[in-house]
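Presented below are the structures under discussion, each in the form of structure tokens.
One chain, chain A, appears in both complexes that follow, with chain B as partner in the first and chain C in the second.
This part shows the complex of A and B:
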């Protein structure tokens, strides 16, 4: 794995040339694609790093999204808004993400997990466009830090107990007594806030709304998935405690998902709507994970990848509208089909992805998640059905309001889309719809 | 450059011909092909994309392609001059493709490709015209269909206990699953939303906001029959289940409700939509009695003449300056004789006039239904709905074709548009011969019908009564009183589809949108903030204010706090 990290470090001196970084990122992505072999559970093992199929697909996602982030943030270059620093921050973020997904030591994982917050914060504070970004940054930082400092204590106690923090060598915390349960909650809560679960999700819409397109894309595309990734890594340590407490997470996230979906129907801010819809989707991921079934964990991974591509694409679209219209409000940027007819197709395709229409990865993942959660308890059918129904409702609401009907009369004309923009959207959409043909590429195979 | 409507017509027509030939081959040899593509396999359950190619799917595909080729050709003139014509064509082609995927997939997961595709593409087609009415209709359509998608998703999760989703293998012995009843209920629910049965009927007339060629293809012959088709494939599993009984009652009610509603409707397209709804009720009800083959037969025959009827309606609307209100028409048979003939043909076929397409399927369905042990309610609904069908058809004939001339003083009505009349002629052939041909092909040995003369004549009697009533009641002149005002309440109730459009739009969205608002203000901007970011912030600020007082270097406070702690310590120690 070191070769990719070194490649990242070597990109840092190149930040003065936007194009060099851009093309190198794409080339690195394609090189990484060549390593898609699942013959062994762990490969590319080195000092503290190795990857398995789960780490691999998430690293690939990080590379992919980062390349697309650079591609879609050309406004930074055009307006000369510190483009080299911007690239540097992005490369740092990518570096930390690779480290997180390939670390085979819980402490190293923890450190890189936390370090990814810093470049994200800098992205929001540095390239966001409204004064409220300060508050949003603080929200993001403190919500996640508040939950993850206890995780450090838990990891150190694990070290104390088993004498090692290497993945797979740590002893399981047996029993479901009071201490085990507290330990369990403390450990998983950091990831649950990162996902985020309903009730601790407040940082997410704020961060998304204030972040520049790069921040939104990487946040929705990869950073939320850190939570799911962490859960997959730590949950097996707490088998019994998880069995006793999983009902809590499933209930909160499913009912919360419905509530969040209802709130989505009342959003007029495009980015807030997409952010809230992420909360609903991640709720399903969380319930699939804590149910502890093979279908659940695989569905969660597939939804993580699918949602990463799809919502990142939607944020891209929202930004393209913002760059032209200057507003994220659905009341102003409406009827856009009249201005950008070809873009409306991309809106439609990515919206279809967001509501888990076939043949997207989201559908495959959601089916697996629904299977596992319904097999766990039939009562959950109620909220799953509402969740699934409203996911279509708010996505269609967003699509129809932004694309159809009369346009805002203060608008006169705008560019209907550049090749670069269509390329970005295509590169979001293509893997989302093609990978399903061989679903096992995006699965967690031991 | 060849126009898109021509090339798609040729392409689809050749596809249709080959499908029909293959269907005949399969029918003769009894062959069927299964093709599977494994998407993924997990814990020995495989998610596969399954294609089934047997006579049934080939024949349905052939019909769909034939009708869509005619419709696309027809759109060449109907949509002429529309600035987004190519978008329209691509959407219709995408729709045909989704329908194809639906027809050839007997797998609960891979059928979603067609099923969701139909829902989404038909949404894009309904909102094709950019106005509020289309947007609302589209939302109603898409969300009603989404209920069915969700039902299929849940059914998939229950089907999991079979270890595979190729339902064709499992429908024969469904009781092996613990929750088979629930599963069947969900599948029936899904079919009911797609086929617009009560209580999901509101979307079908609303979807008439789409361009008329779309209505001809989508909302008469293909999309709405997807539910029926799913249940035809699924029907062995429904035998003797509660869901079958419920489906029988609801579909008979739909049939009656739609027939009644069509008698009070003045929008030409909505009348035809309601008649589609009524025929869907017929298909669903005979399906729930266990005669899946009859339902399939009627599905195909109905597709032919209903598409024709919609095309004629489109031609009429196109000529009368895009008015859809039948009170603005009248005497059209003198101005557009060819269209009038086709329209009449389609109408007669719909009523089940002997030896036209509808006769073979509808009459057989009625006789089989009367012969089977159904309860009185279903029987009465059947008889009434049959009469009502003829009733609204005659009313339509009076208002549009034969009645007085009601047009404005500037008009240009003609039959000259060859691009519109040619496909109508093509479908007319189907409406005349389709029924008989299908009957000979699908039922090599005829159904055994045995009933008393009264029952045998019943369909004819109610049809004649309905026809006479429908024509006479609507004859009007300026000096007549408007009798419907006397029964205002019941007229409004029957004419508005039993308030279903109101209930499924305002009634359904009011509470959800309201609670969304409440959660937003009470939850995310209320308690979640209070116990989250803002609450902690203000707590820390106020606490640090208190602490700051201690840092003011006031000797008295230091002494006081020292004393307090001593007291506390004393209590704790002692």
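This part shows the complex of A and C:
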């Protein structure tokens, strides 16, 4: 795995040339794709890095999204808004993400998990648009930091108990006694906030809305998955405690998902709508994960990948509207099908992905998650049905309000989409809809 | 203060004529300062905390604090007079917190604004259908202003709408034209009545009807109101709904040419603050409602200094108009209509038993006074206004001039009717100005139309497509057949 990290580090001196970094990122992604036929469960093993299938698919997603981020942030280059610094920050972020997903040691995982916040904060503060981004950055930073400091304590306690923090060599925390449950909550809380779960989700709409397109895409595409990935790594250590306390996370996230979906129907800012829909999707992911059945964990991974592609694509679309019209408000930028009919195709395809319509990865994942959560408790059928219904409702609301209807007739023409933009959206959509044909790339990976 | 003393210069100790009258006549009105918010801070438990904070934060001028400069907004309204505030009110009313509206006003005391210097009359007797509809909406708005503009926790505003019909006279050879106009007005829904000369003489014995063929008088939807109360009511309500008022002068409008997929548009405004600093506000839409100074502000965007369509400037200029206050005993009180003579000279009754009248007349092109200041020309009164009035209403021979003031019309030189519509090149600029004397009465309707256009893309309630900017380019003037 070090070869990809070295390649990443070696990209840093090249930041003065946008095209060098852009093409190198795509090339690196394709080279990484060569490893998709993994024969062993852990491969590319080194001293502190190795990959298993879960890490592989998420590293691939990180590279992919970063390449698309650089592609869609052309405005930074055109307006000469510190492009080399921008690329440097993105490459740092990618580097930390690779380190997180391939870490073989819990402490290394923790350090890179925290380090990935800093380039994100710099992105939001440096290239965001509105003065509110200060508050958004503070919210994001402090929510995540506050929740993950107890995780550090927990990791050190695990080290004390087991003598090692290497993945796989840490002893399980036995039983469901009081200390075990506290230990469990302390450990998973960081990931709950990162995912995010409903009650601690407040940082997400702020950060997503105030971030520039690069920040939003990376946040929605990969950074939220850090929470899911961390949970998958950590939950096996807490078997009994998890069985006793998982009801808490399932209830909050499912009910919260329904509440947040209802809030989506009231949003006027496009990016806020997509941000809240991320919370709803991740609520379902969290429920499936903590149930910790085969279906659940696999479904969670599939939804994470699918949602990463889909939300990132939707943020890209919202940004394209913003670049042309200057406002993200659905009250002003509506009737877009009249101006940009070809972009309406991408709006439709990615919205269909968001509501888990076939044949997208989201459908595969959501069905698996529904199976796992309903098998755990039939009562959850109520909230899951409402969640699925409302996810369709608000997605259709967003699509219809932005595309259909009468446009502000003063805007006579608008570029319907440049080739670069179609490329970005195609690269978002293609894996989303095609990977379901070989679901084993993303599923059954554990 | 004036008690029978003719004083030169700008005599405006208070902002509303009603208050002036009360000070002269000595009795106090129960609501002397209706414009200022009271100190009652009771707010219902259902007021959201941000709205409560906003209500508490507001002072009389409603200025935003230094630390919270709105760098980005959705709609920027240039000009905070009646029209600008009405646009802000209607937009925020439709969109609440979902739309960010910022209003730039150069003078929170409105010393030179046409709104507060206007007489505050509303009439429906126009000959252009759209103007009639705007007036009808305006009258309805004024009747309901107390409830529409009420802000939680404060006294509802009182625009002091005093219904009184307007009487327009026509000379004998213009009677057919008057009848046509009358038919149009009745069709559109105006409540007016046609009188012949003999009927007029019977109804108003003090009128000298020689040379008069007929007259039209309105019996509903017309009257007087307090434009300052309307303005401050609109401003307060808009602010409570989320609009931000910023004090400053607009010194630049930057634009983005048609490039790379995006249409030509104005992108941001540079504001010169009273402390000397310059700040900018980026916007998605901009509404030009600067009244008499609209031509100057439009020139900042390059309108009038480019090629093709941009070579056509905005032909809206400030024109000074005088209003004189006279004391004339001998006319009946409440039964005196707001009277407009064939020459355009008018008089309006002030108060019920005060015997005070405001009189005035529009200038012809040659007589236009200079706009450098608001000094008053009393010779114009002596030579042009008094003789006409004395001829038409003999009692006016013995008037005593009490005082006068001057204000600006936002005069549209093409046809004295407003331009309401987007600019053809900078499509995100919506122009709503040039009312040429009807701004205060049409402010409510124009604000509604602007908000509909911005949020829906078309006019829904009143079809104002004839007032578009394009008519300036094609020369299709929309003229009134009698103009005051």
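Miscellaneous remarks
Going forward, the second predicted complex is superposed on the first by the 441 of 446 C-alpha atoms of A that agree within 3 Å, B and C clash if a C-alpha of one lies under 4 Å from a C-alpha of the other, contacts with A are read in each partner's own complex, and residues count from 1 in each chain.
Rule of thumb we're sticking to: contacts are C-beta pairs under 8 Å (C-beta built on N, C-alpha and C of every residue); 3 or more make two chains touch, one makes a residue touch a chain.
Please read these numbers as outputs of a predicted model, since none were measured by experiment.
Superposition of the two structures on chain A leaves chain B and chain C fitting side by side, clash-free. By the touch criterion stated above, A:13 is placed in contact with neither chain B nor chain C. Of the two partner chains, neither chain B nor chain C is touched by A:175. Here the apex is the CA centre of chain A, and the angle it makes with the centres of chain B and chain C after alignment on chain A is 70°, in steps of 10. Contact with chain C, but none with chain B, is seen for A:129 once the two complexes are overlaid on the shared chain. In the superposition on chain A, contact is made by A:415 with chain C only, not with chain B. Looking at the shared chain after the overlay, A:406 reaches both chain B and chain C. In the superposition on chain A, no contact is made by A:46 with either chain B or chain C.
In the superposed model, A:163 makes contact with neither chain B nor chain C. One of chain B and chain C touches more residues of chain A, and that partner is B.
By the touch criterion defined above, A:335 lies against chain B and chain C together after alignment on the C-alpha atoms of chain A.
In the superposition on chain A, A:439 contacts chain B only, with no contact to chain C.
Superposition on the common chain A brings chain B within a closest Cα-Cα distance of 8 Å of chain C. Chain A residues 335, 406 lie at the interface with chain B in one structure and with chain C in the other. By the touch criterion given at the top, residues 71-72, 74, 95, 98-99, 260-263, 265, 267, 282-285, 422, 427-428, 430, 453-458 of chain C touch chain A in their complex. Chain B meets chain A in the complex at residues 37, 39-43, 47, 84, 87, 109, 112-113, 116-117, 120, 123-124, 127, 130-132, 134-135, 138-139, 142-143, 146-147, 149-151, 153-154, 156-158, 160-161, 179, 512-513, 515-517, 519-520, 523-524, 528-529, 532-533.
Of all the residues in chain A, the ones that touch chain B in their complex are 139, 142-143, 199-200, 202-203, 205, 259, 262-266, 294-295, 298, 335, 337-338, 341, 348, 352, 357-359, 363-364, 366-368, 370-371, 373-375, 378, 381, 384-385, 388-390, 392-393, 396-397, 400, 404-406, 436-440, 443.
The part of chain A that touches chain C in the complex is made up of residues 129-131, 268-269, 323-327, 329, 331-332, 335, 406-415, 418.
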